[in-house]
Amino acid sequence: MSDTPEITPGEEGAPRESLFEAPVMGEQERMVEAILFASAEPVTVKELNDRMPHGCDAAEALAHLRKRYEGRGVHVVRVGDAWAIRTAPDLGFLMQRETVETRKLSRAAIETLAIIAYHQPVTRAEIEEIRGVSVSRGTVDQLLEMEWIRFGRRRMTPGRPVTFVVTQEFLDHFGLESARDLPGLADLRAAGLLESRPSPLGAPQTGEGDVDADEGMDEGQSELFED
Amino acid sequence: MSDTPEITPGEEGAPRESLFEAPVMGEQERMVEAILFASAEPVTVKELNDRMPHGCDAAEALAHLRKRYEGRGVHVVRVGDAWAIRTAPDLGFLMQRETVETRKLSRAAIETLAIIAYHQPVTRAEIEEIRGVSVSRGTVDQLLEMEWIRFGRRRMTPGRPVTFVVTQEFLDHFGLESARDLPGLADLRAAGLLESRPSPLGAPQTGEGDVDADEGMDEGQSELFED
Amino acid sequence: MSDPDTPDLVQLSVSERLAAEALVVDVDGFEGPLDLLLNMARTQKVDLRRISILQLARQYLSFVEKAKALRIELAADYLVMAAWLAFLKSRLLLPPDPTEEGPSGEDLAAHLAFQLERLQAMRDSAARLMARDQLGRDFFARGFPEKMEQVRRVKYTATLLDLMQGYARIRTRDEFRPFVMDRDKVFTMEQALDRMRGMIGFAGQWTDIQSYLPEGWAEDPVRWRSATAATFAASLELVKEGKAELKQSGTFEPILLRRKESRDE
């Protein structure tokens, strides 16, 4: 038996339409609708295209579908580079039964999360610099476990520290289309509160002093707005 | 269920506006939509009414919603005495992902197949005799299922055992015009596939030492070309 | 550290002591010196941008003095901050020394103000973030997600070379001895089953399955192995059919077989 199974996406089961003619847009919209309804997690346009018959344009079908659900009880929402159907927030009061009691986050965890979201990608040292206290392992672990943060690229500074960024789950949970839509982001940037400001010599180094903590901060911000 | 929406005055988007005035039907429909969407289980009309604001008519809202989803990618369907949103049956294929894994045939299967190809038509007992081990049912079934072998004529010997022959699919797969084109033992030896040790019995014949196999060989070959 | 702002230790009234204690107990609730400073800054009730760092430094140092008076252990970073603030205070109070290198007291104060403002901004942002509609609380995902069914199809394949090698393998093996020899040393499961079917009716007692081996198969090790394997497989088949029972008292112990009493008979 071969140990490297060759996985080829099957074409079987595709509608009996022609292989070369894509289904009409109305049909494509139905397909996107069915796929998004069936999934609890956001689905990327690429995944949609992969699952739909050859020649479909999921992005266009999505745009139609999104329009169709405007003002309805459920909405088509964007989550990073993926899409999902979610109930309209104004109907939350109907859903008490569905509410899952989530673990209460500690104040430290909430602050750390906010710092990662607004400053991403951010190193542990930078988080500590901002909070003025060292970040406990448990806090980061909890956020990682909740899949609200993940490791980003390593910072290209001595020691190559890891960075943290927020995830699609984070965006999904807080109903954000992208990290750019974080509340008050523009104001914070305008006030210069997201930029790095090297601490003058002699200021007490909070957290575990990572000399390079401030470096690369701008790179981080630019990465955030790249996508 | 009534089809005509009973429009009751009420402010849109403010379902809890009044304790005594039910939300407009459009709002009620949104509510039913959100509840059905978010529920893990089908929801009865009674449950819907219990969860919706006082004065709502879930049955009517449901009828509207059902109509709205007619012909869409998902449908409002009845499950027992409850209701749920489910994928339109014709789009079920989108919920499957077929992966094809290519694996090498097992050694037992290859050997069995080779014996059938070289000795056809051949009975199971003969295959076992040549391989020196018993042939598992699974191996033969697998080859039958792949349509590389099929049943030939029954052997006119006591017990009238069935015989196996190779199929056209087999020939196509291996790029052979006929089973006669299979390289002989001499060719195999020339190609270095056999140890070139002289056989004590002289030039090896296919099916040597197997009276039945030899006997049926011509018959088998001709049978192969009958169809 | 003698600071005019620090009340004389001896003159601490009971209520002052209590207040100080409350403050100290509260330290547990603070997330480090910066957090404590931020809280003290709030008591100034001005925009953080207009905060008096000098006043803040005094407040902090007086707090640390009180803590010391109460013999309460402060974590090292609180003390580091106290030392730094004392230094900052002196810088801010003394006229600048033109010969002195490094950042001015104003620069240091401005940076501390920036840090406090940034921390406050992050707190506010965190609060705004948590106040947003949240998935699973205010808006909801599909309650009945339909699983993507993974249809796995295995396609078996072989090449002509595989086929030829397979055949060659068999024929090479056979070149040195006739087929009949093979048969001679192989006791098939079918043969064993036939044999045992005939004998099982008499097996009322637990009997070692070795005793079911055919005559003359126990001497040659190759033949013995084949016959044992076949007999064992046949025994399993009989058990499966409900005609026999097997037991073994331990690893490598003899395998015992007996007829299963059928109630139908």
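Letters A, B and C mark the chains as written, and numbering starts fresh at 1 in each.
Keep in mind that, in the parts below, a residue touches a chain if its C-beta (ideal position, glycine included) is under 8 Å from a C-beta of that chain, and two chains touch if they have at least 3 such contacts.
Keep in mind that what you see is a predicted model, and the values were worked out from it rather than measured.
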- Item | Intersection of contact partners for subunit A and subunit C | B
- Task: Would you kindly say which chain has the C-alpha centre located farthest from the C-alpha centre of subunit A?
- Result: B
- Task: Could you grab the centroid distance between subunit A and subunit C? Build each centroid from C-alpha atoms only and quote it in angstrom.
- Result: 23
- What is the distance, in whole Å, between the centres of subunit B and subunit C, each centre taken as the mean of its C-alpha atoms? 37
- Note on the structure: Touching at least 2 other chains, the residues of subunit B are 34, 37-40, 85, 87, 95-104
- Query: Taking each residue of subunit C in turn, which ones touch at least two of the other chains?
  - Reply: 140-143, 146, 148, 151, 153-154
- Query: In the complex formed with subunit A, which residues of subunit C make contact?
  - Reply: 31-35, 37, 77, 80-81, 84, 87, 102-103, 107-108, 111-112, 114-115, 117-119, 121-126, 128-130, 132-143, 145-146, 148, 151, 153-154
- So, in the complex, the side of subunit B touching subunit C is made of residues 34, 37-41, 84-87, 95-105, 107, 109-111, 113-115, 117-118, 128-134, 142, 146, 173-176, 182-183, 185, 188, 191, 193-195, 197, 199-201, 204, 209-210
- Item | Parts of subunit C lying in touch with subunit B, wherever the complex brings them together | 140-144, 146-160, 162-176, 178-180, 182-183, 186, 188-190
- Message: Taking the touch rule as given, give the residues of subunit B at its contact with subunit A in the complex, in rising order.
- Response: 13, 15-16, 29-35, 37-40, 51-52, 71-74, 85, 87-88, 90-91, 93-104, 106
